[in-house]
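Structures are listed in the sections that come next.
The two complexes that follow have subunit A in common; it is paired with subunit B in the first and with subunit C in the second.
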Partner chain A sequence: MTNQSKKITLIGPFGVGKTSLFKRFVDNTFSEDYKSTLGVQIQKKVITMNDGSQLSLILWDTEGTIKVSEGRSSYLLGTHCFVYVFDLSRIETYENINTQIKYLKEKFPNTPVKILGNKLDAVNIKNVEVTLKDLQVEYDFLASAKTGDKVDELFLEIAVDLVN
Partner chain B sequence: MKQTNRLELLKEILLNEEKEVTSELAEKVAQLSSILNEEEELAKKVNPLMDRKINQLVDEMPKKLSPVITQSLKNEIKNSQDAVIEALFPIIGKLIKKYISHEMQMLNAKINKQLAETFTIKGWFKSKKNKSRVVDEAFLATDKPELIQILVVEKESGILKASYTHADKETIDEELIGGMLTAIKSFVEDAYSGGNQNLETIAYDFYTLHIQNFYNYYIVAVINGLYTNEVKNKVENLLLDFAANGVSKDSINNNELFSNKLKLFFSDKSI
Partner chain C sequence: MNDNMANQKRFLNKIQLITVDSLGEIKTSDANLFPNWKEGANIFNAHPFFEILKSLEEVVTPLEKEFSFSCVHLSEERNKEFICDVNITFELSETHIIIFDYSRAYLELNKISQERNDSIIKSQELEFSNRLLVEKEKFKNNFIANINHELSAPLTSIKGFVDLLEKTDLDYEQQELAKIIKSEASHLQIIFSDMLDISRIESGEFKLNKEIFNLFDLIQSIEESYKIILKEDIVDFKVTIDKKINPIVFADKTRVYQIITNLLNNAIKYTDEGIIELSIFKVLGKNRKQEFEIIIKDTGIGIPKEDQEKIFNPFIQLDDIKSGTGLGLYVARNLVHLMGGTINVNSEEGQGALFNIHIALQNAPKGNEGAAEKEYVLPNDKKYRILIVENRQNTQYLIMKQLLRHKCFFVDVVSNAEDAIRNIENRNYNLAIIDIKLDDISGLSLTKKIRNDYGDAAIKDMPIVGISGISQSNILNVALSAGMDSFIAKPFTEEILLNKITRLLSLRKK
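Up next is the complex of A and B:
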């Protein structure tokens, strides 16, 4: 059994709930107060895998930027998996998402990207799904940091993918 | 004349020339046989030829092989650039340190000479009276620096590769320290130097984080106490020695092995 560490970086526009997802996963807490992240904050969560080995997920919660290229690129270096977060309740956070994902994949061709729509609790899922389809937005998870819906599932899927 | 004698005479006339040739050939074969079978004789004939050929090879080899070897080396270095740089980093670091140390000694000697020429005996007595040097030494003795933690961190990801913490010192999670230090380093290096310089120290109260940068990783030595140039120099030498002797591809990929190496190397080291 080997213990490994992997860096996961959360990126996306301002106020989409990256920090809330981060806190929900690490501390299982949620706050309605919005405090913009300056620079980056780092937390760690250790996951025990099925084979008994332990995986340390080192989570980098970066400050929001409209475009990925506007962020501090050095924070993205060495990332083992990106989580691109958008806000389901604000179309401006995902109407150009494909351009951002394309940029990210060009810059980091060997790093997987998970796309997550947050604030599922604040929208009508059927209407949002239509909009997402119209805009050809491909996503991996629709989640809610507030209720905790699909948050653990996202990080556990990443953990399994990284170990395998 | 009898029939038989005539035939003998005819034979002699016809074969006389061939007999001479055969005799000459037999003599030459005997000579060659002697050369081939007797080592000394053979050596006399062959050695000059071999010497000539060897000299010719020595002359031609660099011309013919040099481009091939150079190209192979170039390819090898190009294909394993990271490994080569990783191996050279500590050696280059030592060379640069040695050079700087030498230059500093020269500068020091120059300053001392200048001071000796500038200050009078009266000034010397005055400084003695103040006992400033004695005070400095006493201060240094009471605040002896201590190496309390060593962290080896992957440069880009900030992932901790190995750590060693002095038995009676406890800190927060070392993996978080590795990540935060990398973020701070990235921020400072981006903000003030355009990426060409490295953050080398972070000071906090009595603690100094000495950061020694290598190609793919950096080593942080946490020092408690007075961090003077002398201490900095000792820590640099220790870390360069460790990087040159204790870091290998195997150890980098095996955190447990790497941490054990770190412990073995630093547990009995004082600064």
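Up next is the complex of A and C:
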């Protein structure tokens, strides 16, 4: 029995793998082909919590924009948790991430933001960690939609946080 | 009229109007786009997008009760997907939803954005990969440089202490063991040095450090070293130097040395008997540069035609039995290229090999030729008799003092050309130092007389060093044209003087 629903909005630059994360979590599928997202696609995934209750996660997979402010602002309305996704193999997607996160937190002070670096499978993590440290990028997860690494963990952590 | 109605119908087919109550039940719907979203159905079951109604209820106010969502992907289960704009208006007990189907327009737009994104993503990924490669290369180079630095101190100690050990009272077996340790330590040092050079060359960080030096001295020191190295082998070593060469050059001495010795080491590695020859010729002389041909020829195992290009690649050795890293020729070729030269090999299997280098080195800037004189080895086999022809007493005294201090020279001093001729005719001199500006005839004329008027080789071939305070720019060439073997500009240091003298004496010995 579904008790409540929560909106999770995936945002971030284009090509970082938001749709791939979305599909990996919802359908457990992955495709190497990049197909850019226009607008927003929305899906629901119902998960069962430890107490037996059910939670509907309404996932909004938005089109990529370099700056959050350039995106369609209506997509952000009513969000319970943002997931800001960047691509570990493209520095341009995270070199200004702190400015984007700051903007988001100013606009939505009560909405949590999870920061996730995707495409962990495509990089040497030791090299990238140095760059992330140099740029003072603080992240919550380094994941791979391709391998599924840390994808479920991300959404389950969000679910637990939102319920609590 | 019919057309208008058709257009209106087509337009209405692109829009769906829905009214829902506060629980999400559809009260009215024209079902133009999504037939199943009709009266009695629940909007929350129609599509997860409509869950937004619950969230928006929390933020709706009398002033802000209309919300627009553009470009939303909507579909009924297993049916065609529409890309729509959705307007939502909250009223007191009802919510009005208008869905506009703009699928065709949006899909066109998507094609453009797909192409743009593809191109940007590929270029950014490439840039990132390049950046990582550069960082990786930098790390590797620093690592090799640090390792090389750390190893150089212990290696120098090993070699130094083995040198000392060799001078103690060792039996034959101990001497042989000490020799092996020394040789292996030298080998290790060369490997690390080659690795460091390669990493710098490949990363583009390698820089040539030019200095003024004497090419003859360099070749002579190579000759002496390799004669020692080869003294126990049954391989002869022969050096030929073109006397037309102006030996004072402005180039990277260490790297010129490295090029030649890397090729000699290679020749030694593959030559078990016969001869290794090092020759250096002047091919072309311009005002500022001289082009040299350096030939290293051996009678070793030779290189098959098909392998001749491969030997300049790193880590290639034609004979695995031979020791070494296979880096020497690779380093040599890169250094020659860095100096703007060429290197080629001619060889046939079993017929030895001939390495041929063409390289242009800059002449030393005028007036700086003396700066090359830094090292000299005093003769210790016998005493040499030197004649000083100098009209100034202070200079006579200075040169005498500089020479007599070393106890390997007898020195006679005269003040003019007439006395000089008399002395030369009466006594064999190993070398003469002649001032260009004398009182009676010039030192240049005196030199021409010595070279041309005597049949006795001991006189006419006597090495002559010219000295002068004349600041004429081509004075060196003038002196050499007159028949002098070398020239020193005043003022000069003891080192410069001894260097010139010892070099000429040593060439004469050959």
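As a convention for this text, the second predicted complex is superposed on the first by the 162 of 164 C-alpha atoms of A that agree within 3 Å, B and C clash if a C-alpha of one lies under 4 Å from a C-alpha of the other, contacts with A are read in each partner's own complex, and residues count from 1 in each chain.
Here, a contact is a pair of C-beta atoms (placed from the backbone, for glycine too) under 8 Å apart; a residue touches a chain by one contact, two chains touch by 3 or more.
Nothing here was measured: the structure is a model prediction, and the numbers come from that model.
Undergrad: Determine, for the superposed arrangement built on subunit A, whether subunit B and subunit C clash or fit.
TA: Clash - subunit B and subunit C, as placed by superposing on subunit A, overlap.
Undergrad: Is A:89 touching the first partner subunit B, the second partner subunit C, both, or neither of them?
TA: Once the two structures are laid over each other on A, A:89 reaches subunit C alone.
Undergrad: Quick check for you: in the superposed arrangement, does A:162 touch first (subunit B), second (subunit C), both or neither?
TA: Neither: A:162 stays clear of subunit B and subunit C.
Undergrad: So, A:34: does it touch subunit B (first), subunit C (second), both, or neither?
TA: second
Undergrad: On the A-aligned overlay, A:127 touches which partner chain: subunit B = first, subunit C = second, or both, or neither?
TA: second
Undergrad: With the two complexes superposed on chain A, say which partner A:49 touches: subunit B (first), subunit C (second), both, or neither.
TA: neither
Undergrad: If you tally the residues of subunit A touched by each partner, is the higher count for subunit B or for subunit C?
TA: C
Undergrad: When the two structures are overlaid on chain A, which partner does A:113 contact: first (subunit B), second (subunit C), both, or neither?
TA: neither
Undergrad: Contact-wise, after the overlay, does A:101 reach subunit B, subunit C, both or neither (first, second, both, neither)?
TA: A:101 contacts neither subunit B nor subunit C.
Undergrad: Considering only the stretches 41-49, 131-139 or 455-463 of subunit C, report the one that runs into subunit B.
TA: Answer for the clashing stretch of subunit C: 41-49.
Undergrad: Could you list which residues of subunit A make contact with subunit B in one structure and with subunit C in the other?
TA: 5, 7, 39-40, 42-44, 56, 58, 72, 74-75, 77-80
Undergrad: Quick check on the complex: what are the subunit A residues that touch subunit B?
TA: Touch list, subunit A to subunit B: 3, 5-7, 39-40, 42-44, 56, 58, 60, 72, 74-75, 77-80.
Undergrad: Considering only the defined contacts, which subunit B positions touch subunit A in the complex?
TA: Within the complex, subunit B contacts subunit A at residues 154-160, 173, 175-176, 179-180, 183, 186-187, 189-190, 195, 255.
Undergrad: Under the touch definition given earlier, write down the residues of subunit C that touch subunit A in their complex.
TA: Of all residues in subunit C, those touching subunit A are 47-49, 51-52, 54-56, 58-59, 67-73, 83, 106-107, 109-110, 113-114, 117-118, 120-121, 124-125, 127-129, 131-132, 135-136.
Undergrad: Taking the touch rule as given, give the residues of subunit A at its contact with subunit C in the complex, in rising order.
TA: 5, 7, 14-15, 34-36, 38-44, 56, 58, 63-64, 72, 74-75, 77-80, 89-93, 123-124, 127
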